[in-house]
Amino acid sequence: ACGDEGASGDSDDSIKVGVLLSQTGALESYGLQTQRGFELGMEYATDGTMEVAGKKIEYYFEDTETDPTVARQKALSLLEDKEVDILVGSSSSGDTLAVTPLAEEYEKVMIVEPAAADSITGSEYNDYVFRTARNSSQDAAAAAAAVAKEGVKIATLAPDYSFGHDGAKAFIEAAEDLGAVLVHEEYADQAATDFTANIQKIIEAEPDYLFVVWAGANTPWNQIVDMKVQEQGIKVTTGVADIATLPSMAPLVGMEGFTLYYHTLPDNEVNDWLIEEHKKKHDGEVPDLFTAGGMSAALAVVAAIEKTDGDTTGDVMIEAMEGMSFDTPKGTMTFREEDHQALQEMYSVTLEESDEFDYPVPVLKRVLTAEETAPPIMNQ
Amino acid sequence: MDLVFSLLINGLATGMLIFLLAAGLTLIFGLMDVLNFAHGGLFIWGAYTGVWFYQMSDSFLLAIMVSIITGLLLGLITEKLIVRPVYGNHIQQILITLGFMLVLQELIKVVFGPDQKAVFPPGWLQGSFMVGDIVIIKYRLFIIVLGFLVFFLIFFILKRTRIGLIVRAGVIDKEMIQSLGINIRFVFMLVFMVGAAMAALSGMLHAPYSGVIYAEMGLEFSILAFIVVVIGGMGSFTGSLFAALLVGLAQAFMAYYFPALSLAVNMLLMATVLIFRPQGLFRVKG
Amino acid sequence: MEAIIQTEDLSISFGGHVAVDSVSITIPSKKFTSIIGPNGAGKTTFFNLLSGQLSPTKGSIFYKEEEITKLSTTERTRLGIGRSFQITNVFPNLTVLENVRLAVQSQKKVRYNMIAHFRHFKQFEQKSYEILEKVFLLEKADSKAVNLAHGEKRKLEIAMLLALETELLLLDEPTAGMSLEEVPAIIDVIKQLKQEDDRTIVLIEHKMDMIMDLSDEVLVLFHGELLAKGKPEEIVQNETVQSAYLGGMYDEKQLT
Amino acid sequence: MKSNLLKLQQVEAYIGQFHILYDITFEVPKGEVTVLLGRNGAGKTTTLRTVMGLNPASKGSITFKEQEISSLKPHMIANRGIGYVPEDQGIFGDLTVGENIRVAMKKEDQVTTKRMEWALELFPDLKKFWNKPGGQLSGGQKQMLAIARAYVNENELLLIDEPSKGLAPIIVEKVMESIQQMKERTTILLVEQNFLMASRIGDQFYIIDDGQTVHDGQMGELKEDKVLMKKYLGIS
Amino acid sequence: MNLRSIERSTWIYIAIALLLFIVPFIVTGRSMQFILIQIFIFGIFAMSYDLLLGFTGIISFGHVMFFGIGAYSTAISLDRFDSTIPALLLGVVLALVIAAIVSFIVGILTLRLKSHFYAMLTLALAGLFLVAAEKWRSLSGGNDGFTFRLPELIRDSQSQYFLCLVSLIFIFFGLRRLTKSPFGKVLMSIRENEQRTESLGYTVLHYKVIASVVSGVIASFAGVLYIISLRFVNTSVFATDLTIDVLLMTIIGGVGTLIGPIIGAGLVEFAHHWLSGLSDVHWIFERWIILYGTVYILVVIFFPLGIVGTIQAKLFGRTVTKGLKDNKSKVS
């Protein structure tokens, strides 16, 4: 609730949005990005009036602490005490899954951002759930699109838990579709300090490309370089995450990979506005990985309300949102009818040294279109 | 053969890193019997202050000194304010040190910001060289050497002086050791400070190894340290070294030969050791 | 004469040091047997073997002709072997009364009763008070055991043993550190026990006057071996016993 | 008249909330053996602990060599030259016999080494079990270790709480001899229930009852005074 | 039973329990009810821990394994079969039976170990359960977890509230009686001096194993309730954090007091809720976790025996404080 700007009393005529995100704990920087993006998104979409379809729009941020129990409690508090009409969130997939059943129960639409687990719009799907965030399969499709070609030999390295397995599996599928050949799949303890054995095995498998799915701070980059993986003719590819992680990727300069957002990549008005306003508001900082996502979620909210003309009843919203397209900093997104996943563009990049910063930055190689990265439908 | 060798070297390096981490806890938990859950806090503070200085001054060795000083100071504060009132009472130790751990961890974010920080080894320790077909990473060699240095240093201090003896006696019967004319409070404080300094040092050394530091890493690693101290045998320095190397090697080899079990390797190792040697690998002897 | 305890070739060694060395003895039922011997002779260790705290490296133990060598402490206690400890060994944070009540309760069929409130067993409390009175601890019934003075703890130790109501009592220096005034009183309690309930008592002591006064038979342990055995009067005359154990002390006492 | 090494005046002490010592007043003359007598729970041990600073006096004064020590920490008191053999022996169970002794040695000079050798000669068992953990010793051996440990330092005053407890008669004899030998250099304050021992080596005595010193005199007189013995010590 | 023989404290507890029955009619907000439900659940979990820590003197770092067993058994059963009452009951039965078996085995395997070693071995075993849940993804859904539906009857917040409250009351009075029974007294004597208990003729291992099983089963039941209240399960139900939470609740409330852990659970939940809410009040409280940590430190300083423990000591036996302090392992 740090940001209930423009909120002035009367609730009858206002529409309320509850945003769940991690403001403390390991994911707090993600939470902050989402929060800033969402605030700016609201401003952009309403031209600063904070009104849609003649109604005031109010929003509340709640900290899930990256704990499903807290997430659920906060969601309840939003739904009951604040009587929000729409939920947005959250930074972790676990938290999100603990909340989506509530959306169904209360018959309110929930826009998932930036949690990426496939199951949210897959096996655990319910009608009230929409997602502006990309899911793991989209990441994978983007990664595959960036490197896979007929006959290319690929290997994967991923952390040994759901996120890693989902990501690797989706990548392999997508890459094999493009004609690539899988030569090795490697999973490493997420908390490991030593990746020698894993890297050793990959080297032995002699792939052309090594696709690394990694999240969390304990990165394998140093060791990949130290073990001279690239010298042995293996190209490393991975997703480029938020700015804070870029310095640690310095050893990987030259790598081809993909990202879902970096502020210089998308070329459209919304993004230009975002960059400018973000710098203005936040000490000259540029928007980061999930800032665009937060903004997209806000834009989706506003677009949907405009479409229903202020009616936030769950069913009405669902009908309006299915198939809805809306403009975001990442180009036009569309909620796919079948599983409510927003199809969106992603970016194939190379990591290059920059003059401006002392860390490497992703440079656009090619925009991967929404169709190209469309994930399989998994909720049937 | 090359492979085995390479796994061996890297396992050793990991083990040594774990040993450095556990060495401080061997003093504080193993010897002084304090369940110090704030150990991870000392570890991250060492890492952050060291790295901060390293990035400012570009001098890795000085940065190591800075982290040691941080450790000493924090150790002093921790001992005086947090641990002193609860010697001998495990239950209170758990609560108060966990509380302090939370404070230390959050303060990191206040002072240094919540984002992770990337760290690289200094130029002279960057990269690797090949011996035959074996890749040897310089920084790891450095860790192995330093690990042995620390081990021998502390080992000789404990052996050559009565400090180790006094601490062990003081833990068993504080009154009696005082009646023998020893200011046990002061001794405990010193030992605690050294333990804290070692935690801080290992934090600093760990930073370039893993490439990044972040506030939450403290708690993760302190559990590992507890495991090592216990399976090594409470209070045994040699035991900790062996246990740490064992953990490091087990991780390396399991990851290669039984990757499916690598998540469970620490726990399996600990369970096996404790079921077959309930007192840990080494027992404290004179 | 019936034997209550019989050991055959009983030995135990701790990493090379033989603490009890091939001891074969018979302890007669309903008699008062004392064990003496220098410090470290193996007396307490011998008790530990009888009561099951330690298991022998060699040899066997019989209780009323049945072999008990392999039984646990608990099982032996239930058979009727109770002991007191040389180094005071009580429940520090429980009150004196609770300490004794635990001992009383262990002999009853309520050991695993989780449902009934302990206050339903008034008789246990009654019994505990009676015992406390016997050993002059009634006043301290509600004090925590940690807060007792040394001599008081010794009395509690005896009280707990009495509460067990075992047929065989192994007493390990029960009166060490007890005040001059109370030693005779405790001795009286022990005497009474033997007479009233027909129990068998084995006593370890270094106080020779007590040994002389109470024992029917004395066993002497020496470096883990059984050195001598006999009536108290005979034992004091034994030269080895005199030179290596008694020194001049005992004679002196006779003189004053 | 010899000078007083230790002097307690109207000392009171609490343990937690319990008032244990009410009025303890006595003097320990240099070079003599002073014995504290009294029934169980009278406060003898507490008195010694109070002198050691382990259980601070709440009132009254304790002077050692004319200097007030009642507000000092135990280790400072010990360093002024007072040794202590506690009632429960205070053996460090996990430490070996040797370590127990080494940890007590304030200096590693010749004098101390000499004293140590002398102590070990008194109790050859300790030498035999030099590398055994103290916790595994027999009751009497622990007692010997506690005494030996107090002997290794050159202390001016030794507080000994019930040394004879658990010791074989012949060892008690040795302990008495050793005390006699030391008397010249070391003054002894003894708590002892073994009247035989107390009367043989004690020069003077104090009787403590219910936390107060109720009587004092020369040891010789006490042996004669049956009434007194009956009254406070229950000996007839 | 004679009414007069009931202790006064029992009446007080009954009165409080009755009051709690009225609460959901006054506090109708679901999110507040949710917090109360969590307190009841963690109260149960913490009491089960107290039986080990406070009464038997065993520090376990792996208690969460039973909680997790309860949670997964129920969740999987409800997910695989229909969301009906029989499916739920099946889940509960599975939860209790598996927990009983596991706690029995763990007990036999580990209880011979001494303090730290026992604690670490339980930590290891719980860690293995966590890994198993992570790895057996077809069953557990792995780290992401899965959601499931609840039977109609317990879907709404009030019925969950009453379910948890009634469970709490039954378990509280049950455990209270257990700790005051002859059996409970033996547990305490084990805490005080294990070896002596043995030589009084008690088979210590039996007692410890029974305590471990009772405690494990109750913890598992807490897991069942927890997962019902959450309608979602993931591997976090096996995370060490939860053991630490429950350990903290027990200690803050006061070990060996039984009511303490419930109060500890309440305090931790409310302190958490209230302090995290502060960040809305002023940005300076953004780092509210610092205050949260400070609460722990202050509790130790001002309530060394935990809240209930310290108050009890002040009100009744003043000796208690000293007693526990003196107990610092002087045994050689």
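A, B, C, D and E label the chains in the order they appear, each numbered from 1.
By definition in this document, a contact is a pair of C-beta atoms (placed from the backbone, for glycine too) under 8 Å apart; a residue touches a chain by one contact, two chains touch by 3 or more.
Keep in mind that this is a model prediction, so the values were computed, not measured.
**Q** Taking a step as a move to a touching chain, how many steps at least join chain B to chain C?
**A** Minimal hop count between chain B and chain C: 2.
**Q** Using the stated contact rule, I'd like to know whether B-D or A-B comes out ahead in C-beta pair count.
**A** A-B
**Q** Report the chain whose mean Cα position is at the greatest distance from that of chain C.
**A** If we average the C-alpha coordinates per chain, A ends up farthest from chain C.
**Q** Mind checking the centre-to-centre distance between chain C and chain E? Centres are C-alpha means, answer in whole Å.
**A** So the centroids are 43 Å from each other.
**Q** Could you work out how far the Cα centre of chain A sits from that of chain D, in whole Å?
**A** So the centre of chain A lies 76 Å away from the centre of chain D.
**Q** Whole-Å distance, chain A centre to chain E centre, using C-alpha means?
**A** 37
**Q** Counting in whole Å, what is the centre-to-centre distance of chain D and chain E, each centre being its mean C-alpha position?
**A** Using C-alpha averages as centres, the distance is 50 Å.
**Q** Among the residues of chain E, which are close enough to touch at least two other chains?
**A** Only 134-135, 289, 319, 322, 324, 332 qualify.
**Q** Which positions in chain B are in touch with at least two other chains?
**A** 109, 172-173, 263
**Q** Can you tell me which residues of chain D touch two or more of the remaining chains?
**A** Residues 15, 92-94.
**Q** What does chain B use to touch chain E in their complex?
**A** Going through chain B, the ones touching chain E are 82, 85-92, 94-96, 98-103, 105-107, 109-110, 172-173, 223, 226-227, 230-231, 234, 260, 263-264, 266-268, 270-271, 274-275, 278-280.
**Q** Write out the stretch or stretches of chain A touching chain B in their complex.
**A** 25-26, 28-29, 32, 160, 186-189, 191-198, 200-201, 217-219, 221-223, 226-228, 244-248, 250, 359
**Q** Using the touch definition up top, name the residues of chain D that touch chain C in the complex.
**A** Residues 15, 18, 38-42, 45, 87-88, 125, 129, 132, 136-144, 162, 165-174, 193, 195-196, 233-235.
**Q** Which positions of chain E touch chain A when the two form their complex?
**A** Spelled out, the residues of chain E in touch with chain A are 29-31, 34-35, 38, 134-135, 137, 141-147, 149, 230-232, 234-236, 273, 276, 279-280, 283, 286, 288-289.
**Q** State the interface residues of chain B toward chain D in the complex, per the touch definition above.
**A** Interface residues on the chain B side: 162, 165-166, 168-169, 172-173, 175-184, 284-286.
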